[in-house]
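I'd like to ask some things about the structure below.
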Amino acid sequence: MQTHDRKMLVIIGEAALEKSLVRDARSFGAHGYTIADVRGGGERGDREARWEADRSIEMKMICDAAVAEKLAQHVLASYAPNYALTLFTADVGVFRPQKF
Amino acid sequence: MQTHDRKMLVIIGEAALEKSLVRDARSFGAHGYTIADVRGGGERGDREARWEADRSIEMKMICDAAVAEKLAQHVLASYAPNYALTLFTADVGVFRPQKF
Amino acid sequence: MQTHDRKMLVIIGEAALEKSLVRDARSFGAHGYTIADVRGGGERGDREARWEADRSIEMKMICDAAVAEKLAQHVLASYAPNYALTLFTADVGVFRPQKF
Amino acid sequence: MDPVVLFFLLGLIARIAKSDLRLPESLYDALAIYLLLAIGLKGGVQLAQQPLATVLPQALAAIALGACIPLLAFPILRLKLARADAASIAAHYGSVSVVTFAVATSFLAAQSVATESYMPLIVALMEAPGIVVGIVLARTGSAQRIAWGALAHEVLFGKSVLLLLGGLAIGALIGPEGMEPIAPLFTDLFKGVLALFLLEMGLVAGGQIGDLKRAGPFLTAFGVGAPLAFGLLGALVGHLLGLSVGGAAVLAALAASASYIAAPTAMRIAVPEANPALSIGVALGVTFPFNLFVGIPVYLHYARWFGGS
Amino acid sequence: MDPVVLFFLLGLIARIAKSDLRLPESLYDALAIYLLLAIGLKGGVQLAQQPLATVLPQALAAIALGACIPLLAFPILRLKLARADAASIAAHYGSVSVVTFAVATSFLAAQSVATESYMPLIVALMEAPGIVVGIVLARTGSAQRIAWGALAHEVLFGKSVLLLLGGLAIGALIGPEGMEPIAPLFTDLFKGVLALFLLEMGLVAGGQIGDLKRAGPFLTAFGVGAPLAFGLLGALVGHLLGLSVGGAAVLAALAASASYIAAPTAMRIAVPEANPALSIGVALGVTFPFNLFVGIPVYLHYARWFGGS
Amino acid sequence: MDPVVLFFLLGLIARIAKSDLRLPESLYDALAIYLLLAIGLKGGVQLAQQPLATVLPQALAAIALGACIPLLAFPILRLKLARADAASIAAHYGSVSVVTFAVATSFLAAQSVATESYMPLIVALMEAPGIVVGIVLARTGSAQRIAWGALAHEVLFGKSVLLLLGGLAIGALIGPEGMEPIAPLFTDLFKGVLALFLLEMGLVAGGQIGDLKRAGPFLTAFGVGAPLAFGLLGALVGHLLGLSVGGAAVLAALAASASYIAAPTAMRIAVPEANPALSIGVALGVTFPFNLFVGIPVYLHYARWFGGS
């Protein structure tokens, strides 16, 4: 069975961004998204998920390269200056190309 | 240290599938699996994980390409028609080739 | 927008290792890490996350290939003989190369 | 109307108003486990004081009632729906809602209407038969076979039946004195926990409104008509069994209620081609609130009517 | 000092000593939901026995007080901080800490000092105004516009306001008799749950010490001086409104307290360029413990002083 | 046998029958935190009424007892097991099970057998010594060094010791009057929460059966023989210390119990080459249920026997 190339854009950041990120993902044309609760640490210190202000999420979207690129650009410009945030992309293969 | 190429098959879907997916993974020859609780949205609407019927899981298996392919085919055929489900593969490198 | 190649090292293992792994990640030069609570199964049996001794975590670090390699080597040598543990790497692209 | 019902309303409003109020998933699970166990325990303590054999006719009748309801619901639902969807919804109505039972019991207590002590046993017995019949209906005339073994396991060891029966058994074994030290948790807090759980149910039910709109007026009408009809049947059966007015009203409420714990899980596995948005939408979005706000007092009327009082 | 405050100390010690003690996230959420709802319910039951119109002047004054505090705090904070940070911290102090309210109320009860029954309503009303003013301060003279619609929604349907007001409404509707069956959960357990929540707050506050050190002496001094000053203002306003000594002390504690539930969430979205480590560090790491250990008795002194007793 | 033990049985049956019943992880954590804190508080309130110095001999003897047990267990375990495994299992038995303590206490209370008020302090003191000795046993004659600093930290600030000692300290400081407002949570609910926790322990223990089968008959026999022997030792020590019959029975139960909160965590870090399936399998799969169903009454017999009554 053949797989089709897509991009997976992964955004790790403050839980406060969840609503906005979901809205953005939809408006930039991602067909879906998946979110997990995570904890972690980076430039902006440790985020241990002990209480509201300290929670982080990891959001992943599978989409075509163009959508991933535009969404990433928007997220970087809108949130990266002020929020704990990590972004990366990876190449993935999907089986149902029309779905993503 | 050299890494060895393997496939990671990732299945995101309804929590009700967990038992079946674990059974399938074993019977198709995956040596292991990892599951996280997630929420998300896609074609079949938003799944916010507020209660039982609304929960989703993300399951990943690292295996050789043949196992990944057969398992994916089975999952697509058995569950995709009736369940909220996303499948993708990615290339990963492992350090202990005999383990996967 | 251009992405820059990095490695993502993913470590899945017993929750008891969390503190040590975070310490190691820092001392080997990873700029950050993200952890999720997971459950799973492998060589060392099923880990269902029902209580303390039964919990697993998935930790991911984005770093350059050299750091990933050294960290992986250390983790394999220190923990793999005695702990339920899975390690793999994947290629990812980041947008802010100085961050990782 | 019981005061705890206002918590449901608060949850419903919060969800419809898109408030960020969200109960943690594990709290939902914990509250559900508590309620099932507490209902079982309370029933068990009372059962202990009564020879079990005397309950047999009522027990069998309850099982039969649960099995009949889907057979009645199915042909009506088939008018508009595919076989799998009709069968799945029928199964939800054949099974029972434990929270509806709890609210009905507490409503009757507030009205000083006595009920038979073994009603929690009836709840446990009525969980499964409707589900089994629903699955059979879905598979009749289809090539797919029913996994009877897995189904039997699900029915006997599913979370809700296990906790209800387990609680009943423990309650019967420990009796009133054994219950005393654990009563502050399992008895005194019951009503408050029920209120919290209804808050959560309101939040969940509020999320079904969208699905319901898509489902259309037929299903919404069914969600109101079915409890009224099955409640009448339940009250009649209760009357014929010689239950007290309170007992008949509870049986009516059980018959009128639709499951949203055991049935959705079971149907998702056994009849995956049924759309869960339809069954959960009508059970939780229409029938559950209807029973809370309107149905329960009506079922007491039914019971009084048959009871001739 | 209330015994429950020792639980805060235990949590603080555990965190500073790097103990592995950690309360599950969902327990934190569950306890917070419980406390908000329980405070609302208790207030509602008491409100039910009193014509609402008589509370209007106090309600308006409380809203005005909450709105004024950031205006007073902002210029002082601007001496050392960027606009966004000063505005965000000001917003935290304009809003209120529900747990500080609970501890103050319980301290006064232990001292047999009566308070007005409608104080929980005042808490709900004082949550939001300070936050709104803080956001306006942050945006004044800036190109960025305020999303008034989203802000209004946040203010009215944010978790804490919704639970407080929801609890108040339910309490008022069900009255004392309706409250009785749910009192074992929502009244009897209140103090114990508050103790557990303070344990968790200690664990969280202990984690702010590092941020605080980085923030420097100015902010630490503010964290002590602000509650003393705003507490005085609150006591004065309470006196002028004709509140009892207990009521004025509670209003002082509310004015002196800084929000760490509603405000951090709201400011993170509305003023993202403000550094949350500063505002949370001072609110939770300095002012919250200061109020628990020192402030609350001081505010009672204030109130007695104005009250002339 | 205490009624709460039936909840353990229900959990065990559910797991063995592969029921989908599963308590949320965070509920497990929350219940454990509650139990530790509640036991500490209760003990602290009673300690407050007694000069601490009088407890010193018993305290030292309990520490010594905890440290000796692994030394006795180790050579027997070495007959069949590798050094690390033998040492790790020995450490589990040297430490104590807080839930076994709670069930024993409640069993004795039901039998109207009085116990010394400071027993919760003894529990806290007996958590760690056995673990430390077990680690030393594992490392004796090995090249690996013990991280004494980390170990001391773990021992003093580990979750269970911290909550027990913290509860004791708070209880002692607030005394009976301070305890009153938080008693509805920490005292009245204790038995019910213990029942729920036992349900969860049953679910966990049921999962150890497979490991146990692999471990073979030697370890299973050890899991029954060890508590009987160490219980006898505990009762003897209690008698020699001049404890009451109840106190000696509790000390016997503590000696006979095996830790499954503190020890597994500590050993996993300090002696990673030990197989946790063995130690947890025997501690939780054999000794814990054995103590619940058989051991505790036996230890009371022991104590009565020594006590000559």
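Worth a mention:
Labels A, B, C, D, E and F are assigned to the chains in the order they are written; within every chain, residues are numbered from 1.
The rule is simple: a residue touches a chain if its C-beta (ideal position, glycine included) is under 8 Å from a C-beta of that chain, and two chains touch if they have at least 3 such contacts.
Remember, predicted model here, so these are calculated numbers, not experimental data.
By the document's definition of touch, common neighbours of chain E and chain F comprise D.
Least step count on the touch graph, chain A to chain E: 1. Interface comparison, C-F versus A-B: the pair with the greater number of contacting C-beta pairs is A-B. Averaging Cα coordinates per chain places chain D and chain F 41 Å apart. Measuring from the averaged C-alpha position of chain B to that of chain C gives a distance of 19 Å.
Between the CA-based centres of chain C and chain D the separation comes to 46 Å, rounded to the whole angstrom.
The multi-chain contact residues of chain B, meaning those touching 2 or more other chains, are 36-37, 90-91.
Residue positions of chain D with contacts to 2 or more other chains are 22-26, 184, 189, 265. Per the contact rule defined earlier, chains pair up in contact as A-B, A-C, A-E, B-C, B-D, C-F, D-E, D-F, E-F.
Put simply, chain B touches chain D in their complex at residues 14, 16, 20, 45, 48-55, 79, 81-83. Those residues of chain F that touch chain C in the complex are listed here as 22-23, 25, 28, 200, 203-204, 207, 260-261, 264-265, 268-269, 272-273, 276-277, 280. Considering their complex, residues 24-26, 29-30, 33-34, 37, 153, 156-159, 162-163, 166, 169-170, 173-174, 178-179, 181-186, 189, 265 of chain F touch chain E.
Listing the residues of chain B that touch chain A in their complex gives 10, 12, 36-43, 56, 58, 69, 72-73, 76, 80, 86-91.
Touching chain B in their complex are the following residues of chain A: 1, 3, 6, 8, 22, 31-36, 62, 90-96, 99.
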